[in-house]
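I've put the structures underneath this note.
Below are two complexes that have chain A in common, paired first with chain B and then with chain C.
This part shows the complex of A and B:
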């Protein structure tokens, strides 16, 4: 993308946010939307600034982040390992890849009550649920990234006398990296969404639980304050992961993709 | 056929001067007798002397690249024997004796040019202290030292292939196997790189086996040209080109050059037609029952 395209794209994105904010402000101050459904920005801001000073807020955030981290690590290890092993055999790829892709289209949310039954109402069920959800995109991208390494690179490495480990480290991994990292990022946000969704559905602690609680207690300003916090966190993490991905891919010769 | 086109038979060459010896190699893909079975090479024998430049010339799908892969140990032949520098090759590469040069797209795009050289030397088992000096010497030799820190996609196709040839040379093997290295290049770049290769051959005395589709390239570069038949690949004739290396572009203007080129075309024309017919109707030929090319 050229510099001027980037600039105009950014301008449109900022304009979109400004229009959204203006619509929120206008619809609440004119009273065209009930304050019970959507409080005005100032009220949400007040609730937000009160919220972040409470110990209850930070303990909820800690619970949620720890749950996401554990679920994600499990999904990463299982997804990359399974994906890599499947990608090593053409037969396994042909058989299992469509099955994994098919399973990924099923809304795993339907099985959420089973996760509660098996793992209880505590963080265990959310870890298992988030890990299960994130496993699929990570495994699928891992299969795609390793199964599609160009044969001529492998042949060249073999002709130079590369050992299996050499080939893995210097040919397979760098070639797979861009698609692999993309899968890891998608997996992270699916994990993030699944854990928060799981907490909102049924849990005893965490950010999702507090959002559900604020809604049940008819405290819309407080609920939106929590949601605003989740949105800001998601945006921050996305920027961080995208820049990490771009840098890692560029180092691995990302320009060739 | 023109009297100036000399033809030698495989097996003419005295043994001690041999770099590569291919004896009765047959290559079949798939199980014999099954309808998918393809006889790619049929009883091929070929000798390559030390310091010689031999081209494998033939229609698409005639098994030229397969023969090269068998010589380089990337593929084990179904039948027959290959020896390189006296040792038998059977499906295991000999990175200390033989280097491959493929198309420029085999430079690893995730590594810089210098890193590509380092990795090739590392794969071959060269000590890390030696790698940089050898890589820079090889890049210097092709005038690409200034691009050591570039990534391959940042260079033009011609520059990439120059670097890729240097990568094949820097590992220091006596034998280079080149599989259509210039196929992706335009005519002009192809000719300039061909000249470079001829100069290099005169300087280093390497033995080169070169697969190509291009008649002019084969005549310009080769000491001998092995003309292959349509599938199943056999060696139809071997044509000698008596012209010392390094060759200058003036060689292409000599009547001898066009005579050789035309003679090669006459030999290949029927084979190309057979290969095209086989592509239109894969059952008619190429299978186990594939008839004798006439």
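This part shows the complex of A and C:
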């Protein structure tokens, strides 16, 4: 890819964002769009800067982060454990993998009212819901990663006298890791979205609840400020993770060469 | 020899199928026994009660069945819109290197946003009716289609394109005979993912709007600790989701067979 293409591509991206911002500014200042749907950029900025200085903001963020963390840890432990155990037997993999994959095509959101019924509208239902949602991609990728380790790798390791633990540590885990990590990444973002969604649908605290509350109270500037916070957080997390992944894969490539 | 191998494979496949069937049956039996003997009826009802509730509460209630019908309509609309606009936008972005390098990162960035946080916005803009749900399903479904189209167009092996060009193919020829066929498998993956996400978007919006439609009934049943009709309603929606997914799978199988036979000619 030539340097000038990269430059033009950046120019397109900047231009797109500039047009987007200009359209926002122009449509709100001329009054062609109701302020209820789309408040002015300045109003959103004001609401945002006011929001981040309140204690209410940080307590909501803390609730959401704690919920995500708990849900994700549960999903990680359960997903990797279940996936690993299933992947140890070809029969179990053939029997269970399609069931898990089939269940995952049904939106688990459907069952959200049941989570509310079982766990109440506190953080418990969001933890269970986020953990259930994230369990599926993590378990499926764990099965895929461990079930597809090349048989001749294992045979070679065994013939060279590797113990079970050696094989696990030096053959199974390294060759499963890329797919496994991919599942963990997908699981994390699904967990993030599920917890936020659960809070938006029905809860008493947290970031999602505050977005829904601002909408119910007809305070669009506040709602946009919260949404902007979520969007910026998601984008930052994504960029961090992809740069981390790029570095990790570059390192991995160097190790075996 | 080949016969024996085939037979052994068949018996293995049937064992897998039987085991799968047994697991599902065992799950239903366990739920039935647990629901009858131990569970608090305000939270869990056995499957037989759920079937009864489905037959006598959900199906006879015209308000619920019309809400379910409306959901089916919304999913279909949102999906068709996602595929059509996703394909158009994907083709536009994937057609030149510059457009892909410029716009594709923006698309991926938008795709990464947790869209649930935007539900209140959609309801504010489109109201409580089907428009908001279709729009929200569309906003979920369009991204995988765009990504699949652009991805399929960009990973055409360079020597295919070079070969076609050296044989005198025009740009249009290359797109029609090299890029499109190469795009098909990735496109189908996108179509399947788009269905999953469209279902998610429509159902999220349905549940968020708790004053009408499915969301109203799930809220009423949950608040009244009436789990049997709640489970029956959820199971109906899950069945709808399964049917939609299956439709996409069948269409995919048929289309890819058609494509293969066309390439054979």
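Convention: the second predicted complex is superposed on the first by the 224 of 257 C-alpha atoms of A that agree within 3 Å, B and C clash if a C-alpha of one lies under 4 Å from a C-alpha of the other, contacts with A are read in each partner's own complex, and residues count from 1 in each chain.
Simple rule for what comes next: contacts are C-beta pairs under 8 Å (C-beta built on N, C-alpha and C of every residue); 3 or more make two chains touch, one makes a residue touch a chain.
Please read all numbers here as calculations on a predicted model, not as lab measurements.
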item: First (chain B), second (chain C), both or neither touched by A:153; value: first
item: Which superposed partner A:193 touches (first chain B, second chain C, both, neither); value: second
item: When both partners are placed on the shared chain, which of chain B and chain C touches more of chain A; value: C
item: First (chain B), second (chain C), both or neither touched by A:161; value: first
item: Touched partner set for A:174, first chain B, second chain C, both or neither; value: first
item: Contacts of A:111 with chain B and chain C, given as first, second, both or neither; value: second
item: Overlap of chain C and chain B interfaces on chain A (superposed complexes); value: none
item: Partner chain C, residues of chain A touching it in the complex; value: 1, 5-6, 8-13, 16, 36-37, 91, 94-96, 98-99, 105-107, 109-114, 116-118, 189, 192-193, 196-197, 200-201, 207-208, 211-212, 214-216, 220, 223-224, 226-227, 230-231, 234-235, 238
item: Residues on chain A engaged by chain B in the complex (per definition of touch); value: 152-153, 155-163, 166, 170-171, 174-175, 177, 252-253, 255-256
item: Contacting residues of chain B [partner chain A, same complex]; value: 72, 74, 93, 95-96, 98-100, 102-103, 105-106, 108-111, 119-120, 122-125, 151-154, 171
item: Contacting residues of chain C [partner chain A, same complex]; value: 15-16, 19-20, 23-24, 43, 97-99, 101-103, 105-106, 109, 112-121, 123-125, 196, 199-200, 203-204, 207-208, 218-219, 221-222, 225, 227, 230-231, 234, 237-238, 241-242, 245
